[in-house]
Amino acid sequence: MDLYAALQAVINGVLTGALYALVGMGLALIFGVMRIVNFAHGAFMMLGMYATYVLFTHTNISPYLLFMVAGILLFALGYLIYFGLLRPIHGQSDFMQILLTLGIGLICTDGVLLIFGADYHQINIPLLGKNIHLGEHIVVNAPWVVSFVIAVAVALGLYLFVMRTMIGRAARAIAQNRYAAPLMGINVFRVQAISFAVGIAAAGIAGGLLLPVFYIYPQVGDQFTLKAFVMVVLGGMESIVGAALAGLVLGVVESLTSLYWGNEWALAVDFVIFLLVLSLKPSGIFGRQKA
Amino acid sequence: MSLLEIDHVSKRFGGLRAINNVAFAVEENEIAFIVGPNGAGKTTLFNLITGVFHPDEGNIRFQGQDITHISPNHAARLGIGRTFQIVKPLRNLTVLENVMLGAFLHTASPSKAADQAREILKYLQMEKAMHLPASGMPLPMLKRLEIARALATKPRLILLDEVVAGLSTTEALALAEILKRLPEWGVAAVGGVEHVMQVVMSIAQRVVVLDHGAQIAEGKPQEVVRMPAVIEAYLGTKYKELGL
Amino acid sequence: MKRSHMVAALVVFFVSILLPLVVETDYALQILFRIYLFAALGLAWNLVGGYAGQLSLGHAAYFGAGAYGLALFSGKLGMSPWLAAAMGVVVALACALLIGGVSFRLRGPYFVLATIAFAEVLRLVAKNLAGITGGDVGVQAPALFHGNVNRAFYWAAVVLTALSFAVTVAISRARFGYYLMAIREDEDTALSVGIGAARTKLAALLLSAALTALAGALYASLFLYIVPDQVLSIDVSNEIAIVAMLGGAGTVLGPIVGSVVLESASEIFKNVFKEAHLLIYGMLLVVVVLFLPEGIVGAITAFLRRRALFGGMKAKGVA
């Protein structure tokens, strides 16, 4: 067994995992504050990808700068969606919320399909060809490293947002006790809107960062929705840190699975782990609450 | 053999001792009340009896049978009915259908279940509301609905968690009159109350006082209200409510 | 069931059976097939999703089990097509036992996610175990009917819908139906009156899975060829759930109405937008959740009930 191949897989997994983590953290934030099971989460990541793609093809500015625009656009979209679609069903059953976000996701995905067509695209940036060599045996592709660094930075920013800012604290207060929070003077709707917007902006940014190293096509987000849920469950439903760690774990597990069993099984392994965790420890590997 | 035996039961949630070495018995056709301020452990005790949680220490026996580790639906089938502190009507069903659910425990026929349900609703003076959806009912009716549904399962013992909470004194006493007659039907009752003492004094044969999960008194209502430990637990305005 | 309703249902059934005498084009029969198939699928899903209130978004697992059961048991083991279809049902029941056993212990969104995950695992297994299932390339399915195929399959779909309808009606009037509704409304309350919630949910799921698998076998047999992304995909699961939700989950007529509306709209959309016909699903879902949470049938029933109540109040001089 080639130790270096395994190490390479682990490193690749960590690089991918950082992007996963960003997507998962966004979902954890949304679920924690709003108890909304956002089935459109991957679709929003896809929108971020397409936004960056369109801007890139028109302006030729590096995606590593454009991702910020994607983030802002998705933040705005999130705010609109919250007030337009989610707020009206505030307080209704999980059932209805799930179906609503599912519908939103379908509209996004098929809307993009209608506008851009089903073709797979890939962009070309100068950085794509450059590889970094770590020692004799490990090679990492430069764009992945840049994406990784930015993703970690954004993740850190997200963490600080939730932990240090007033809005972040308000969000956590709502997550802990949604009935007491308004009594503390918290404008629940506003905080929820911002949390939702931040959550999907994180997904959109991840999409923008993924663009240089991945294919772009309308359904690309679907697998990420499911993976995001796996992360959130693994990480303990509401914990942002948990989701982030789960993202890294997921990336590594997928990478090793691809190495030893082939690509096709990577997603299946995700689900098996997911089901195992749900059956055995629903509060997640890192979580504390009961399911 | 008593109908229900709580045998030195304790339950901890994390660091909190919700129930601490509680022991008492309830006889057949007896009406007992568990009295204690909010947080004293009444609902936890009911949850332990019906199997929603299981005790960390001690045993619970019903009709001599050990029920320490049963599941809630099994408890119901053994003859323990319950109402919930925060009423849980099945909102999209009618009042009659709600009660029929209880009756279905002993018959699979919807028409027989409906007949039994109608009888119980008559006893609780609710016939007029039979075909209305449960979602529109006011609280006193919902409280009666809870009881009706539980009674339809033909229990030997019914647990009434805060059954008069939120009712005016008149409504509470009216309900108490109905509850007083439960033993005639062969049903023993254990109620949990925080402070509506007039109800307790008028219908209870036995009172158990809980404070912070610990049992501080047990006996007939008139004896218990005079015990210093009980008076001490209920300082201030509650002192007056004890009717002294 | 009221005498008049029973008569109406029989009339609709006979009209449906006689329809091919008037409608003869293959295209029309195939659309009608699809409408009835999804009506049956919606009714089957309704047992779990509408009556028991458990939002399963993984029913493709049973659909695919029926489809692959038919294909593999006849193709690889040489069984006759109808026997293979029956085996497909058996496989679906086994899946339901496993999926239900795990998922029903979970509440709320965890349950939904688990159902999705199970269906996805099945899809990926079908894709990857190419030696057994043909993988992405797919596998052949035998014909269950010969001769005028479109008409035969249409009739089969009508019969399956009638069967699902009958099962739904029978359940809604029996104790089992009341128990399911109790579980939907409040599972803790249901437990407190002695309802074995886990067992009851599982029973509903088994019934639902069996009917769904039959529909899957029919579908596979009509197309004579299946691939994993066609019969095990989350799109199938979504379509089934949307049909029931649109028409009215928890009502007897809902899934039928939902299928008529959705499949017709989908067909119209397909002709206009070709590939993006899923857009209509998304839009209908959003509309249903925001404006019609009880579905079309539910909304109509509520409207009629309010009018009757109001009329009664007017008669008594209250309003």
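Order of writing sets the labels: A, B and C. Residues in every chain begin at 1.
Everything that follows uses one rule, which is that contacts are C-beta pairs under 8 Å (C-beta built on N, C-alpha and C of every residue); 3 or more make two chains touch, one makes a residue touch a chain.
Because the structure is predicted, anything quoted here is derived from the model rather than measured.
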Strictly by the touch rule at the top, which chains does chain B share as contacts with chain C? none
Taking each chain's centre as the mean of its C-alpha atoms, which one ends up farthest from the centre of chain A? B
I'd like the most central chain, judged by C-alpha centroids against the all-protein C-alpha centroid. C
Whole-Å separation of chain centres (CA-atom averages), chain B against chain C: 42
Centre to centre, by mean C-alpha position, how many angstrom separate chain A and chain B? 48
Return the distance between the CA-based centres of chain A and chain C, expressed in whole Å. 32
Where chain A touches two or more other chains simultaneously, the residues are none
By the touch rule stated above, which residues of chain C touch at least two different other chains? none
Sort out for me which residues of chain B touch chain C in the complex. 50, 52, 71-74, 76-77, 81-82, 84, 88-93, 97, 100-102, 104-105, 108-110, 113, 149-150, 152-153
Taking the complex as given, what residues does chain C use to touch chain A? 53, 55, 57, 102, 105-110, 112-114, 116-118, 120-121, 124-125, 127-128, 234, 238, 241, 245, 273, 275-279, 281-286, 288-290, 293
In their complex, what parts of chain A are in touch with chain C? 37, 85, 88-89, 92, 94-96, 98-100, 102-111, 113-114, 118, 222, 226, 229, 233, 262, 264-265, 267-268, 271-272, 274-275, 278-279, 282, 291
Chain C - residues contacting chain B, complex: 173-175, 178-179, 181-182, 185-186, 188-197
